[in-house]
Every structure is written in structure tokens, then in C-alpha cells.
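Each chain gets a letter, A, B and C, in the order it is written, and its residues are counted from 1.
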Amino acid sequence: LGIPSYTSDRYYETTPVGVVNGLAYNTRGGSTLYIESTAEKLVSSLSGPPKEPSLKTTGKLGEVMSESSTIAYTFAKNFLYTLDPKNTFFHTHSIHLHSPQGDQAKEGPSAGVTMATSLLSLALNEPVLNDLGMTGELTITGKVITIGGVKEKTIAAKRSGLKSIIIPTNNQTSFEELPDYIKNGIDVKYAKEYKDVFEIAFPNKKYLLENLKN
Amino acid sequence: LGIPSYTSDRYYETTPVGVVNGLAYNTRGGSTLYIESTAEKLVSSLSGPPKEPSLKTTGKLGEVMSESSTIAYTFAKNFLYTLDPKNTFFHTHSIHLHSPQGDQAKEGPSAGVTMATSLLSLALNEPVLNDLGMTGELTITGKVITIGGVKEKTIAAKRSGLKSIIIPTNNQTSFEELPDYIKNGIDVKYAKEYKDVFEIAFPNKKYLLENLKN
Amino acid sequence: LGIPSYTSDRYYETTPVGVVNGLAYNTRGGSTLYIESTAEKLVSSLSGPPKEPSLKTTGKLGEVMSESSTIAYTFAKNFLYTLDPKNTFFHTHSIHLHSPQGDQAKEGPSAGVTMATSLLSLALNEPVLNDLGMTGELTITGKVITIGGVKEKTIAAKRSGLKSIIIPTNNQTSFEELPDYIKNGIDVKYAKEYKDVFEIAFPNKKYLLENLKN
């Protein structure tokens, strides 16, 4: 009953730059799930064509989750350009994004915001707020849209000792309808657009959001 | 009964540049479905070959819908060249076209006009008319041809609060034969060629159509 | 009875440059079927290698029909070079060849002459004779060889309002054996080699055939 197919030992007490807690669920229950990104600087060579920056993923990601990583990458590049046009990180580095417990197949679109946050953490060299988990499908323009498994994900977040979670605004009703014993003890925040996630995840970088022209 | 396989929360109140409302249907009913495109400027490098502009797609698009995106891309490039030969957008940018709700398989040729409109919106930096939905297969020369599910798509458009829809002229009879309670409350426009779509979707750019030589 | 699997609304009253009426059939009957080609000029860049011209196809073409497009492309390039060595169209443009009604699987070798004619129409910037349909397998050296479904294709051509059709000389007997009510009202021409097709399809360019050395 409620046994998640992949459980999370919480192997980061505080998540370093590039690592973000996601929330996953399937028919057997919910779990937390790290997204980790690292960068490799592109070496310029005197001869030959310059290397192309690219995104590589591992962690047994299914088709939809692989597409999510592509969407997160496109979005993160555009969003960073809007926040800080001088930041050339994504032009000068290739990225490797991984989701640990590499033998567990992972699928679904709800890690979109988690992946984008992992990439931006790396590009800004800024770790995310501690003990924060997040879930939400991300569209390529930065909308955060509905996900499933709000109940299972909330239980998993508490079991892993997270203190706050970000879920899509469209899921607010399904969260509020949960029984109190599930809702209590965790701070929930709602995101309608990715900038709402950013503001919560990177409190020290919030000032960059002033560069968004809405 | 008439439950669509993918429903649309309408997460855009007004669609930004690059985002267009499509109309889809399957045996379980109709739905609206966004097409979103974003661009990435190709960075010029001092040495090495210039990057090739390209189109990348995500959103669990089936084989036919992937081909539609290719057709829309070829068409949009040619059409823009005819409208405004000085616009080099498609030579200097790579495009990422996405259809949200990434875990829902999407198929069929009827998003052709929607995709072309999304690409042209981006290239012209002009949002489409508000509360407009559209459906139609696009041929590579710009003909708008028959689609299925006129009834289901009309119902879905109204449910999503759209005020007008564009459908192929070849589907005019099937629309007119719908019962009044379905037809009422939505403004229908017919398109035989893509320029008919353009004229409705981009009222501020209508003057560009004078450059078409028919 | 005789219901084609893909029907043709005849969406071109007169076919523009690059568009040709083909004739198809399967066990359920015959139909007309457009082949459309458009070109994209290869942009020269100051640095870097020039782009390679190529042929891209869409329209749910099966394996054999995809091979036909390759054969048509190879043949059209060679044939044009023989007719007019100064015409560099195929060196300076990439081609996108499409067959509309993108959700209908299409298969078979009999669109060979149609595809070659579509490509040559584009390269010569010359539309084909109006109200003309054609069917024939093309060999890479330009032979037009036997196809199936002469009866179904003739019926479909008449239903679509075509006034003349080109079929392989090898199919002459099967046409002549058709009952009069099918044969009447359409002008049939026979082709043994591609130049026979060319002569009929491009009356204004017939003089170019003098450059063929047989």
C-alpha cells in the first residue's frame, strides 16, 4: 500500500549547485527524486570547428521525460537570456543532466520545472533553497501546468523531510481538498509561471526577475 | 461520452508571440491544444562553419503530426520570404515547437495551419488575434484542406472560451449542418488558402499580403 | 464498391509550378493524388562549407514510394542537365516534396513520373498542362514502366475532372480493353520514356528536348 516504485534515500543534506528535489508518483505511491546537472566547459581549438553546446541526459528517462529535458533546456536558455543577457554559460558549456537510481525507469512530464531549476542553478552558480521540493509540467514559454499525484507527492515530500513544496496553481484545489493530516507540516507554494518557481527557489537572485518584461 | 482524451486548461488568457490555439479531436471528443514555438538565435563563431537553422519538436507528436511540423516549417519560410524578403528570421534562428501536456500522444495532420501560424507569429514578433482557434491540414504550397471532427472541435472551442475559429472552406457544409445550439456563440471563418488564415490571425500585418503575387 | 481510401477534393483549379496530379489506386478503388514540390534556396555563407542540396519528403510515403522519390530526384537532375546544362537549380536549392492528405498512408512505385514532373516543373519554373493526370513507374534511366489499376485510375481521373491522362505504353492494351463508358470522355496518351511525358506535360518547353542525344 503506497509503496513507491523508487524510494529516495535522501543523499544530499543540502543540495549543491545543479541539484534539485523533484516529486514523482506512480500507481504504487509517491517518491522524491533528484535531478542533478553538471557542466563541461567547451574547449576552444585553434583548428577544427568549435564544439556545439548540448544537453545529455541519463537516468533511464522515458520518452516524455526526455522531451521534458529538451523543453527545460530550451526554456532555461531563453529565460536566462532575459534575466541576464551577459550570462553566456549555456553557450560555453555542455550539460549532463542525470536522475539518480539509474536502474529505475522514470517517466512523465512533471519534472519539467525541476529540470529547468537544475539547469538555472548551474548557470547562476547558485544552489536552490534548502529542503524544497517541486513538481510541475513546464511549457516552452514558461507556463507551469497541471500534474497528477498531488497527494502521493505531498506524502513523499514529508517522508523525505522536505519543508516546502512548489506545485502548479492549477493543482491548488486538489491540494486544499487533502485531509489535514497530510497537508499539515509542509509549506505549499503555487506556481502559475516559471518565474514564480524562480522567486521561491533562488531568493538571492530574485532581483534578476526585474529584467522580465511582462 | 464526449470526454476528450486531452483537455485543455486554458493557461494563456492572451496568447503571447509564438503561441496559437489549435483544435483536436479523437473518438472520445474534442479539445483545444496549444502550439508553442520559441526561437534561439544562432550564435556566429569566428572560426568554424555557421550553425544550421533547424526545427525541433516535442509534445509526443506522432508520425503524421511530425510531418505536419516539417510542412509548416517549409511553408512558413517560403511564405515569409514572399511577404517580406528582408526578414531573415528563419535563417538566423533555430526553432523549438512544442505542444503542451507532454504525456498525451497527439496525432493527425489538422494542426498544420496552427503550426505555420505559430512559426509566423514568432518570425513577425506579432501575437495572433485573441480568443481565436484554428484547424486545417496545410499543403506545402499553402492550400488549407479538409479535416475531421468539426462538431467535436467546435464544442471544444466554445468550452475553452474561444470567440472565433478558422476551419477549411471544404468543411463549410459540415459546419453549417451542425445544430444551432452548437453553432451559436462562436464566429466561424473559412480558409481555402493559408493567406486567408493569415489575414484573420494577424490583422495588423494584413498589409504584407499585398506582396503576394497570385 | 470502388470507394477510394483517399479521395481527392480537387483543391487546385489550375496547378501551380511544382504541383502535378498523380493517379493512385488500391483494392478499394482509384483516386487522384497531388504531388507538390517547393524549393528553398541554399543561403551562401561567407565562411564555412556550402550547404548540400537535398530532397526531403513528407505525406506518409511508404518505403517503395520513398525510393521512387529518390529515383525521381536522381533522374530529374540528370535529365535537366541534358536538356539545359546551364540550369543550376538543383545545385542551389533544397527540395521538399509532399503528397497531401498527410494521414493517409501512400505506397507504390507508380508516382515516379509524377514526382519527376513535379521536380522539373519547379526547376523550369513552368506549370504542367492543365487538367492532366499521370501515372507510371520511372526507372533511373528514364524508362516508363507498367503500373496497375488502369481502370480504377481512369475512373478517378474522370471523377476529378481531368481531361487527359498519361499512362505507360506497356499499359496500352489494358486501357483499350476497358468498356467504352469508361474510356470515353478522357484523352489518353502513352509514354514509353520520360521524354514522352515531358513533351505532353510542358508544351512550352518542348524545344528543350532537341538537346537530347539519342
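The working rule: contacts are C-beta pairs under 8 Å (C-beta built on N, C-alpha and C of every residue); 3 or more make two chains touch, one makes a residue touch a chain.
In this text the structure is predicted, and so the values were computed from the model without any measurement.
Q: Check every other chain and keep only those touching both subunit B and subunit C; list them.
A: Chains in contact with subunit B as well as subunit C: not a single one.
Q: Using C-alpha centres only, name the chain that sits farthest from subunit C.
A: Centroid comparison gives A as the farthest chain from subunit C.
Q: Determine the centre-to-centre distance between subunit A and subunit B, using the mean Cα coordinates as centres, and give it in whole Å.
A: Centre separation, subunit A to subunit B: 29 Å.
Q: If you average the CA atoms of subunit A and of subunit C, how far apart do the two points sit, in angstrom?
A: Subunit A and subunit C have C-alpha centres separated by 51 Å.
Q: Give every residue of subunit B touching subunit C within the complex, in rising order.
A: Checking each residue of subunit B against subunit C gives 47-50, 52, 63-64, 67-68, 70-71, 74-75, 77-78, 91, 107-109, 112, 137, 139-141, 143, 145-146, 170, 192.
Q: Touching subunit A in the complex: which residues of subunit B?
A: Spelled out, the residues of subunit B in touch with subunit A are 9, 11-12, 16, 18-19, 34, 36-38, 40, 43, 45, 47-49, 51, 56, 58-60, 96, 98, 100-103.
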